[in-house]
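Okay, so chain A shows up in both of these, paired with chain B first and chain C after.
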Partner chain A sequence: MMKDKKFRFNLNFVNTNRSYFFLALILICGLFMKNFYTAYNVCAVTGNGSLVIWLGLGFTICLIAGHMDLTVMYMSTLGALLCLGLHTINGIPWGLSILLATLSGVAVGLINGILVTKFKIHSFIVTLGMQFVLKGLMYIYTGGAELSIGRDYALNDALNAKVGFLPFSLYFVITTAVIFLVMVVLRYTRFGRNIYMVGGNLETAWLAGIKSNLVTTLTFTISSTACALGGALNGIYSGSASITMGEKGISPLMIALTASIIGGTSIYGGKGSVVWTWVALVAIAFLKSLCKKTELQVLVIAAILILCIFYETLAQYRKNKVVGTRPNLHLEYLEETGKKA
Partner chain B sequence: MSEKIKATPNEPEKVDSRKTEISRFSLIFNKLGIYVVVILLTFLGMIVSKGQFFTAGNIQSILEAVALIGMVSAGLLFVVYAGNMNDMSIPMTMALGGMMTVQCINFGFPVALLVGIATGALIGLINGFMIGKLRANPIIWTWGFNLLLSGIVRVTWGGKQLYADTVARDTDFAQKSAATFYSIARTYLGSFISLMAIVMIVMFLVSWFIHAKTKFGQKLKIIGTSYDVARFSGINCTKMLIITYTICSVCASIGGIFFAALRKTASYENGTGYDFSCLTAVLLGGVLLNGGKGSVVGAFGGVLAYGILNNILSWVGLDTYSKYLVQGIVFLFIVWLNTYSNRKLGKA
Partner chain C sequence: MKKYIAILLAALMLLSTACLTGCSSSKKAAETTTAAAAETTTAAASGDTTTAAAAADTTAAAGGAADESKQLLQKAIDTIMTTDNHKMMDAGTTFDVPKATGNADALAKLKDTDTNKWHYYEYLDWDTSKDAQFPTSAGDGQKGKHVILIVHGAHAWTTCYQDAFKKCCDAVGMTCDIYDPNWDQSTQDGYVDQAINEKPDAIVVIPVSADHASQQFKKITDAGIPAFCSNTLPEADAMNYIMAYTGPNDWYQMRNLADKLGEELGGKGGVAYITHNVGTSPYYARTYGPMSELAAKYPDIKHLDVQSPGFEASAVKQVVSDWITKFGNQLNAIVLADDSDQAIGAVEACKAAGRTDIVIVAAGISKQGAELIQSGDLKYASYQSCQADAGLAVRTVSEYFCGEKINRVSYIGTDIISKDNVKNFLPCQW
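Showing the complex of A and B:
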């Protein structure tokens, strides 16, 4: 008999939706800042944070499939450099150069996927090596120079313009649309469910008849493609691209990792959502505008990341401790004998 | 009585002769194959450099370049050997070790050195507790911890670079210890063997002793091969992993101190990229990524091979950035070879 229906603080609910609470916390803190809720600030913050959202998308999908993709950062830089380079140096129209940049992402993703599935190397190590390959390729392509979009500002203006009455730029709206598209694919299609299956338990998925190698390869391909496309759009949006695009301050790769983990994507794979990552990334974008000093940003983001990892680890540790035991044996006994506690 | 299930009659007994042959080759490759590569690379170096490979200056530069990687690899070896892939917190351990040493230079050089090493030991203890006791994911935890340390260091020192002679007070004692700090990376015994190379070799000797001659090394092999088996056979895995990570971080901090002395500055960017290059060297030396196989002698060969390869690439005339491409491809190839021989040995 549930006699007293007291309000109980549901920690599990808080934990599942922690990215929303994080965003809410940041937005509440924003109330005390000057010029935080102006249309210009919101537009700039979300627009500048969009690149990391693409990276977070790629990283989260790979994490759901039980792998890690560290190439996301350099992939987006390569996409941006290729897109701008093909347009300004070779004179190829925007549409084609964006397409070619995206195709480079497809190629790298396929290589990653094949190295992981066919050559059976751990994904972390593969992408760690591919990072350096991509870095070298970019230096050979540009010679270390910074590329800009020259005088062709038409597309740049279009991406920077606000959409209707919303205080968001077109770039951010495209990003968000892609995120929700991927969310629908992950949640409602057979392929999307297969990614969760493969991440949850590879052997079970294989025994259930899922082509796990194909799914893993496609996951890596989607991740790299999204990053290349996002990078290309970011190059046009910001008007310039250089190899050190992400290396100032805090590395975008770390932000993508942090957001994935804050969003509740499991480190062990098989659980998570792209939308949670998106919410966490928007929150981090606002956090960056909240505290302007790079040093403080690094510390705050790192502290949140460590807190989340620590919590997850402790929860797993507690769970492992009672595995195979019956912690409420006494209650069971009382129930069986009909006595009341 | 339970019946024995007999195999179908007249079926010849299956003997997988292939497996033993391949595994013997793989074992030899794992153990000493790297020295063949070292000799080949040396010959290649002699051809590429047109006979200037064995000049005192070149050997000195190889040893200096190798020394830092070698110092860190001597510790990282144990982490890889215990089946924990990589310690991603090496860059900040190196940076923090150097920075703490420079910060405490006023108390004299030996005290500063001890403080730097103690910082490394503390980081290792935290890593070891989280991974050994609470079973955190080794990569994610060390990576996140690296970011946290970076944040703490950047806020504390405001992202500035530290110089030993400006940090030191205007007393004779402090200035003298600062000068000693700078000189440790520039001391040469004989004509061209630097102190750093000797420290590296001593560290490798110590880690060889720990790895091959003590109970610790034998237990670590079981942990690396199978964590559960080790736990059920009564090995205190928590303690072992804590010691492993402490050794790794202490070695990294010693490397960081020498790095700071060599560059004359200590900043949060000091150790960037060392996690990757040291892992390459260790894997080149035949330590398996999944843990449980490998030797310190092989890892030393791997470090030498990595240094000679870098030296040859400079002789060929590649700039720093094109080197990234070659290093990445070499890394991927080595890891593939590593995994391949691992699979042939029957460990997935």
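Showing the complex of A and C:
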């Protein structure tokens, strides 16, 4: 005889997969919008949102390791300016320009990591200061001027072009490939598991024999490298770069932070996924196409963020309430004695 | 893991289905259009009189629609006035571009006071042989056409521009949508993509950045949509992708202003400059325009300093106070890029220091600027009509739709405002 099972709405399932639900909600709303589901729109929206995905990647990795990297935005701008400057001013080929721009990210990441691990300065302070250092460097390098690709449209067209039959630009496909590569590293390699352990409980990780300083330094390096590479590619994709990129309008750093939280990454460290952040950022990118007014976009993103934080707080409160207790004691008794619930 | 894969697959399927649907609809529409065109050509070639007559009827109808549109346009030109009682849709003017004395790299090495250095900033001197393939106008008039306007950012000036643009569009029978990226370059890029996706009949852009304009207009022109640039001068290379630029001739306005200033100073004295946002076209025009003009016509005038404190009155006041302390009686005039907050700051600093002898001129014209001119605190301001800027853009787009020949570059009229004639420019537009 089949037991009648009551349907219970599993809020926990929704919370765990909230970034997917967010994306699904946006895509469903898009069904009612004219010209939302066109190949051009999907290609443009995802391409334009790719820079923030790189920032989200860097920010999320550091957050999982229990740190904050506030340099993500300026690192990407520096990468873009270096790449464009080296090619258009110094005549260096695109490949080498991108490589050199990426290496600048490696250098900055190493410095951040060393300052945090060896000098024991909080990552918030280190990266806050590094932001201004990077901005100063950019002013020295460019003199305040904006850099562009000039008439060299070949690589720009290639990054903007659709990949085969997919309605996605090459830039977005490269971004997504890197995200999934990092996901594989985080989930299936020892180094990746170490990042989670260091973020979850630093002392326990150290006691377990994990070289937490090395892991932390490498995390910052990966973050800055990703942002520099993403910035360099974005500079070519969009055709120009300036120091004030992202300073007006909604800050890409704030979007990356918001998406990391909406995606489910814990700000205390030890929990998160770059894929969740990617899904949240793709949803935000499509949201920009749905809500044309900037103010409306900010309102929607803020509403989603508030809901997420509210649920997390409530869940934490409920968890703390039953710490040390056995809330299902009555149910356990009924099962043991064979009586019906 | 299974859940994750299931969700991802579902989302991918949804996206792919939707995109394929979108792609196939576009393909069907294209096939229908091509088939129709082929049918018309075949019919005409085979001498099918019925279809040829239908084609002739269509042409006649288009001609009739264009005539009606032209009448609407002419009526709008004759009747719509700005708030300060000038024609809103007046014809633009063009300037002959003098021959450059060298290429951009060579000219960049000249002194800032040398007029030749600024040739490629001042004139839209582009290589017309590299012009893109622009879409041809159907010549059926502007009535019923849809235009998208993408401005640069929120400001009292922009609100005035948008209102005038909409008013002119309504008058000539066009509809318009307006997107405001709030001074953010990447947001404006997103709006350009969205605008292209909407497939309007034309797109008018006020670029946030002159250097980035090429990429934006290239996208629009490659999509087969007529692209027009308004107000902010783009870089010269961008003109290869722009049907027409309409707007103020900032350099000409500021040179006129500099001439008046030079006369006022009697050809002697020290001048300092407060600039517009660094890197924008007004930054160069409103600083180096007057500087090079004064250097050419009044070589005894000294150029003391150039500062970029922004548009906050308090910041400008601080800079001017520092100048007065540093230069003392050597400072005889100040050139400002803005006649509202910058002028307020400069005037307050001069009054506080008791230096009411310093001549202040500015690019105008706002309500605050007009008040300062009336009070005598601001000596001269250049006149740049925001509403006429919008009106000229709408006029040029309409003329394009009517199949008329349009100038690639058209400038709005200008004047110099002083205490004697300020009443002719009231009430101010913004």
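The rule is short, and it goes like this: the second predicted complex is superposed on the first by the 321 of 341 C-alpha atoms of A that agree within 3 Å, B and C clash if a C-alpha of one lies under 4 Å from a C-alpha of the other, contacts with A are read in each partner's own complex, and residues count from 1 in each chain.
The criterion applied here is as follows: contacts are C-beta pairs under 8 Å (C-beta built on N, C-alpha and C of every residue); 3 or more make two chains touch, one makes a residue touch a chain.
If you're wondering where the values come from, they're calculated on a predicted model, not measured in any experiment.
Aligning the two structures on chain A places chain B and chain C side by side, free of any clash. Looking at the shared chain after the overlay, A:A24 reaches chain C, while chain B stays out of its contact range.
In the superposed model, A:G144 makes contact with both chain B and chain C.
Look at A:T294: by the touch rule set out above, it reaches both chain B and chain C. With chain A as the corner point and C-alpha centres for all three chains, the angle toward chain B and chain C works out to 80 degrees, nearest 10. In the superposed model, A:N15 makes contact with neither chain B nor chain C.
Legend: residue contacts after superposition of the two complexes on their common chain; A:T88 is shown touching neither chain B nor chain C. Touch criterion not met for A:N213: it reaches neither chain B nor chain C.
In the overlay built on the shared chain, the residue A:N201 is in contact with neither chain B nor chain C.
Contact with neither chain B nor chain C is seen for A:T176 once the two complexes are overlaid on the shared chain. Of all C-alpha pairs linking chain B and chain C after the chain A fit, the shortest spans 5 Å. Shared contact residues of chain A with chain B and chain C: 144, 250, 294. Residues of chain A touching chain B in their complex: 68, 115, 119-122, 124-126, 128-137, 139-140, 144, 250, 254, 257-258, 261, 267-268, 294-296, 298-303, 305-306, 309-310, 313-314, 316-317, 320.
Taken in their complex, chain A has these residues touching chain C: 17, 20, 23-24, 27, 30-31, 35, 37-42, 44-45, 48, 51, 144-151, 153, 156, 167, 238-240, 242, 245-246, 248-250, 275, 288-289, 292, 294. If you check the complex, the residues on chain B that touch chain A are 85-86, 130, 134-137, 139-141, 143-145, 147-148, 150-152, 154-155, 158-159, 276, 279, 289, 319, 321-329, 331-332, 335-336, 339-340, 343, 348.
Chain contact summary for the complex, chain C toward chain A: residues 3-4, 7, 11, 14-15, 18-19, 21-23, 26, 153, 179-187, 189-191, 193-194, 196-199, 209, 211-212, 214-215, 218, 237, 278-279.
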